[in-house]
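Both of the next two complexes hold subunit A, though its partner changes from subunit B to subunit C.
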Partner chain A sequence: MNKCILAVVLAGLMPFQVFASEYDISVDRVQIDTGDFVKEGIGYNGASPGPVLRFREGEEVTINVTNNLDEMTSIHWHGLILPFEQDGVPGISFPGIKPGETFTYQFPIVQAGTYWFHSHSGFQEPNGAYGAIVIEPEGREPYRYDREYVVQLTDKHPHSGDRIMRNLKMSADYYNRQQQTVGDFIDESGEKGFMATLRDRMMWGDMRMMKMDIEDVQGFTGLINGKGPDQNWTGLFKPGERVRLRFINSSAMTYFDVRIPGLEMTVVQADGNNVQPVNVDEFRIGVAETYDVIVHINDEKAYTIFAESMGRSGFARGTLAPEEGMTAEVPDRRDAPLLTMADMAGHVMDHGDMDGMDHGEMTDMNHGDMKGMDHSDMEGMDHGGDSLPEDPFYANGSGLIPTAANGGKFLSYQDLKAQKPLYEDREPTREIELRLTGNMERYEWSINGIKYEDADPIVLQYGERVRFKFVNETMMTHPMHLHGMWSILEVGEGKWNPLKHVVSVAPATTVYMETEVDAPGQWAFHCHLSYHAASGMFRKIVVEGGPDSPVADGKQSGNQGGES
Partner chain B sequence: MNQFLKNALLPAMVLAISSGAYAAGKHDGHHGGNAIGEPGKEEDVSRTIDVTMLDNYYEPESISVKPGETIRFRVKNEGALVHEFNIGTADMHEAHQEEMQMMVEHGVLKGDRIDHEMMEMDMGNGHSMKHDDPNSVLLEPGEAREIVWTFTKAADLEFACNVPGHYQAGMYGDIEFEATVAAKERVRGESESESVQ
Partner chain C sequence: MNHLAVSMCGLSLAVAALATPAVAQEDPAKKTQTARTFWGVSAEKFEYRYSDSDEELAVIEGDAYYGTDELKFRWLFEGEWEEAHNAWETLENQFVGQVPVDDFWDAKAGIRIDTPEGPDRVYSVLGLTGLAPYWFEVDTNLYVSDEGDASVDFEAEYELLITNYWIASATFESLVAFSEDQEIGVGKGLNSTEVGLRLSYDLIARSFSPYVGMVYERKYGDTADLAWDSGGSTEDWFAVVGARLSF
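Coming up: the complex of A and B.
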């Protein structure tokens, strides 16, 4: 015990100097106080979130990770390009780190930008095992700013990850607090008529989904750098300064809509890669994504950083202020969006026998049943009028299309253009279709209808350029994360298409990304919603061949851990 | 947007851009004299300053001039994106950014090129969307151009790129007037790089 405390103290004093190339990280049981509740969790160097690791592009880092838990652990360096043995996914990159053991990671830093790290074992990440990575570029930053802050978001839940998973399996709507009630039904009947309302409810019931199914896991407290709304994380500035904010969404399950009322934000980086600057009033940050923004603050007053969850069931709040203790108004949360018929358009419907329903296995639409649908009903649904904004990354008429609280500019994926393309633009050598599938009621999530444990790996050849076609057949939004290689998001800008490590796929949409297969070995590829990944929306990628690496055999091997 | 609509919007843009140009060139006249200075004459040039545009910043990021001095700016775009070099006050830059946002929205200004045909289209009334204010140049990657400018008197000026987002990301430079350098204690330049958890 004493030893443990000593380790924590030393860790606080010694390492993490800027640009040091050797780091020590201990994985510890910690207390997490959100202001709303105190919960035992897992942290690094005695705290959750863990430290901000500052690397410099071009250096070689050595990181000694000591597991002080009584269970296996691992650290995945999210978004970092490195040899696959260093990627930290148990069962794919390495066996994991045993209790009491110290594992030494060693890899070169070949990129710059904002990233993060987290455990890839069980539900340690939702339980608090995450931290930030900031990599200084070899040359100068292509921006000017006076100071910078990491703004790391998470959705801290009073229940442990294991308990949440059990509850979801037992009842997928366990944490869905915004379910429509009998009262809602009566209200809506008054507006739309009894039969129309009844038909609407039956249709959604048939899909094993509800209009409120935007957030599977509600009841969390949004944190910024470990602090709840009342604890109010505060970043200081001097009037006249430009401040760079490095937003990281380390949530288990929650997308956030982020704004700083009174300030325009200039987005300069997405997922660690510089983008051509875009001025916005608000942006949506998917799970595991990062966005860097620069704000120019002239007034000597406080500003609220307000991050509402996409389903509006919770929020995170922090403050930018000229001095400690100053605060600004905290806005009310907006009304929860409702999913619409458009969001279920990609959803496979079967109005016949519900017992046999498995979205994944049903590749064909039942067109006979489709005809049975009363299309006049659809007109009456929240299909949206002419006033709805358009965004090709949401289904037309989707209830999820975001709008800025002040009526201004909301960032879209289509605004993201690489500042400096990393790869030559070329035709992909082939296309791989990945249908994102699931059965909400059983809380089973899968790819092409097959869960991870039943699936063969996706085999890629070193040197090819693969086009991935994501078809989201579910009504949830899935942040798809490919390890080890960049995801080149298709936004229709050719060589300027941005590099990402997470590609968010909204319900009923098809999204393309391309990958230059330039990293030999085996890699994880999964939905970054913790409980989706753990219930099967996960694949192993095997890259065969390579310049100096033994050819992978493509076989599944041993323990297929690496949930979340 | 269809072609018809695009064309229908052009006159509105021309108006906006022209008024911007006048605002930039003449607005300050109301306050007695050309506060930002005026186009200079070749024969008055006392020195040449090379300015390099990169993505998205300038080299140098600060220049020093004397009141009354006429300077030749040799501006070269060595970046991969379109950039502007514009001499003005912070307020003027802000106003101009709205105009340039419009140019982007209407497809005149792409990330890495300018649609010259569209920009130089004669609207039949002698106006075009030409970006030809004397205090600025708008350059595609690889292009170079010169501005001869006379700084008539000390003022709070910046040179800036008003391509949407670029100024906010830090593509601006300070123009210090030598007589007033001491008075201007502006925090500027390098990041302090501090992070607080």
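Coming up: the complex of A and C.
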């Protein structure tokens, strides 16, 4: 009956509302066929991925979710700005949806763009419980296209989420089949000399760290809209058309490097928010991120959408074609990248073994104008990276810095500029430092060295603008996701800094984001790698005050402090 | 029967410790959003050994655990079945609690019950297990028996990746006793060493990895004399065939 009251209140608040639509979603056990294997999983309305939900900005949606499983479930509307009770995180937003029960979500749609939804219960999401959301804007789109497709990526694994988590806890390298071998040693000795190679192995062995620790969970089949490489999802077009592709990375663990050989892509949206168009040949999509690109196709031929995993252990493939059945060449995967000592710097700093590197100096650098950021003053540190391109969102000399397969433009976070700022630019009221921490060998992940189960919530005040400082002290890349409020990614563009819902933090880097605390209630905040979140890289955020509360105060300058 | 009671007691203690609620429990999402208890069953060795003196042994070395990052309860099993005598030459059950003491090391404490052919022994166990620099897996334990005799064992293993599926593993085991326990063939000082070399192939994930290899076992000093006196050998070469298992 609470829902009824809420509906009445909302109806009263929005007398001019025109649209209202109702959706029914059932949560079901389904079969998932990747072409490589068939696996029991969880889906929506009888399939995984679930349906594409199409909303309109300004409408009020009612979504009835019926749980046909024999366990609790939930749906989180990833990236949507909504009342916290509708956010779908069991234990934070609501208790969850019991077996056999129907839960009715109801919230206004206050934004446009590409988003997605997924279960926030256990490992249901890696097991298949995800779908796409497309929201049509109230006004006109600021770019032209003739047709559009959702391109939803995932990393479907033959093992269930529970099994994967358990195996990683038993042995963190359980799924890593890219470890350096005797053969690699011999090859490298031939190139660099036996002693140099031995020294290199000794150095890494001394730390008990691996250069090949880029993808924790290998052995997956990359899917596009539920189809494996051999099943080849195909989107049709007519020559001369502009096609909008809404890329969503719904993977549990995998970053993808995406390209369409032969076509330039114009990135027009990131995480649902329009950005100033950037032409790229390739882009990296972090777990849970979305990028919308427009491709202008003139020739009457097929093009391959090729998404290689960041660690090159797997790939997804689809096709854009003028006719069903036409295909284009599928490229070979490139060699797996190797982490370098630069990627290890955060870990080493944490352990204080490397005196030459000054932590403070690094943060100072990032504080300033990002564009002006120059790594020349770090040249003292020998990272061994010879002529790698610069990208301030990777450690200088990092092995993870991406390059486009055709030698062209690879999208960087620093290319993302908001099309139309949502918030006025103002000084943050305080800074909260969050060190991303972990123990790879034990597969324990945490924030500031504390796992979620032992942590107090992060308390924010309604109306403040908080600057989050992420310091990645691990050698893994973490896609950090704040629920309920926008993450304004610091790229050094002031009010044009882009709004995101996931901010990827590469190893040994410091990344800043600011958040206008404009959503009362309690929210989840976590690394979106499923097995990192579940092992403790997770926090509850409590926003105190709000429109109805007398405590609310927009100007809390000088309020210092980190995690409470 | 007595031993069983002792082990059950250890088990229930560990279970009680695991069931103790942690602090900061007020946030219900800590339950729904985190995976906290884990289990695993594996057999590092599950093999048949053929010695150069035509002795045949079936050997199992495995363990099962249940627990959290902070505390695990582990059951370790080691058995050597001697074909010729139709008897357990070695039969050890250890029940230990295991807690992390460093980024790479765990401490263990518990009880070990030996019930092979011949006299039984019960030991208290204090151990250290973990990963040493350069990827050596190390496990070492101090045992004090119900007869008051103390001993230390040390095991190290190094895995060399021929490829990501063909793995050569070298193992070293040794036992040192601080006093003699003649009844069970333990002399004072260095008792024995065992060196093994196995080549395995990961056939089904890391669940089933068949291997072949060889093992060299040697007894020293008083222990060797005791073995000699009872008609046993002091030095054996074995060819082994088996599989590493993990569930």
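Assume the second predicted complex is superposed on the first by the 474 of 564 C-alpha atoms of A that agree within 3 Å, B and C clash if a C-alpha of one lies under 4 Å from a C-alpha of the other, contacts with A are read in each partner's own complex, and residues count from 1 in each chain.
Here is the rule we use: a contact is a pair of C-beta atoms (placed from the backbone, for glycine too) under 8 Å apart; a residue touches a chain by one contact, two chains touch by 3 or more.
Just so it is clear, the model here is predicted, and its values are computed rather than measured.
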First (subunit B), second (subunit C), both or neither touched by A:S504: neither
Which superposed partner A:E141 touches (first subunit B, second subunit C, both, neither): first
First (subunit B), second (subunit C), both or neither touched by A:A524: second
Touching partner for A:P49 - first (subunit B), second (subunit C), both, neither: first
Partner chain in contact with A:T266 - subunit B first, subunit C second, else both or neither: first
First, second, both or neither for A:D454, with subunit B first and subunit C second: second
Subunit A partner contacts - residues on subunit C that touch it in the complex: 22-24, 27-36, 38-40, 42, 69, 100, 103-104, 131, 133-135, 160-165, 205-206, 246
Residues of subunit A that touch subunit B when the two form their complex: 18, 49, 51-52, 54, 134, 136, 140-150, 225-226, 235-236, 238, 240-242, 244, 264, 266-268, 276-279, 294, 296, 417, 419-420, 493, 496
Complex interface listing, subunit A residues touching subunit C: 72, 89-92, 95-96, 120-123, 159, 162, 165-167, 169-171, 174, 177-183, 202, 205-208, 219, 439, 441-442, 444, 451-457, 524, 526, 533-536, 538, 540
Footprint of subunit A on subunit B - complex, ascending: 54-57, 61, 80-81, 111-112, 164-166, 168-172, 186-187, 189, 191-197
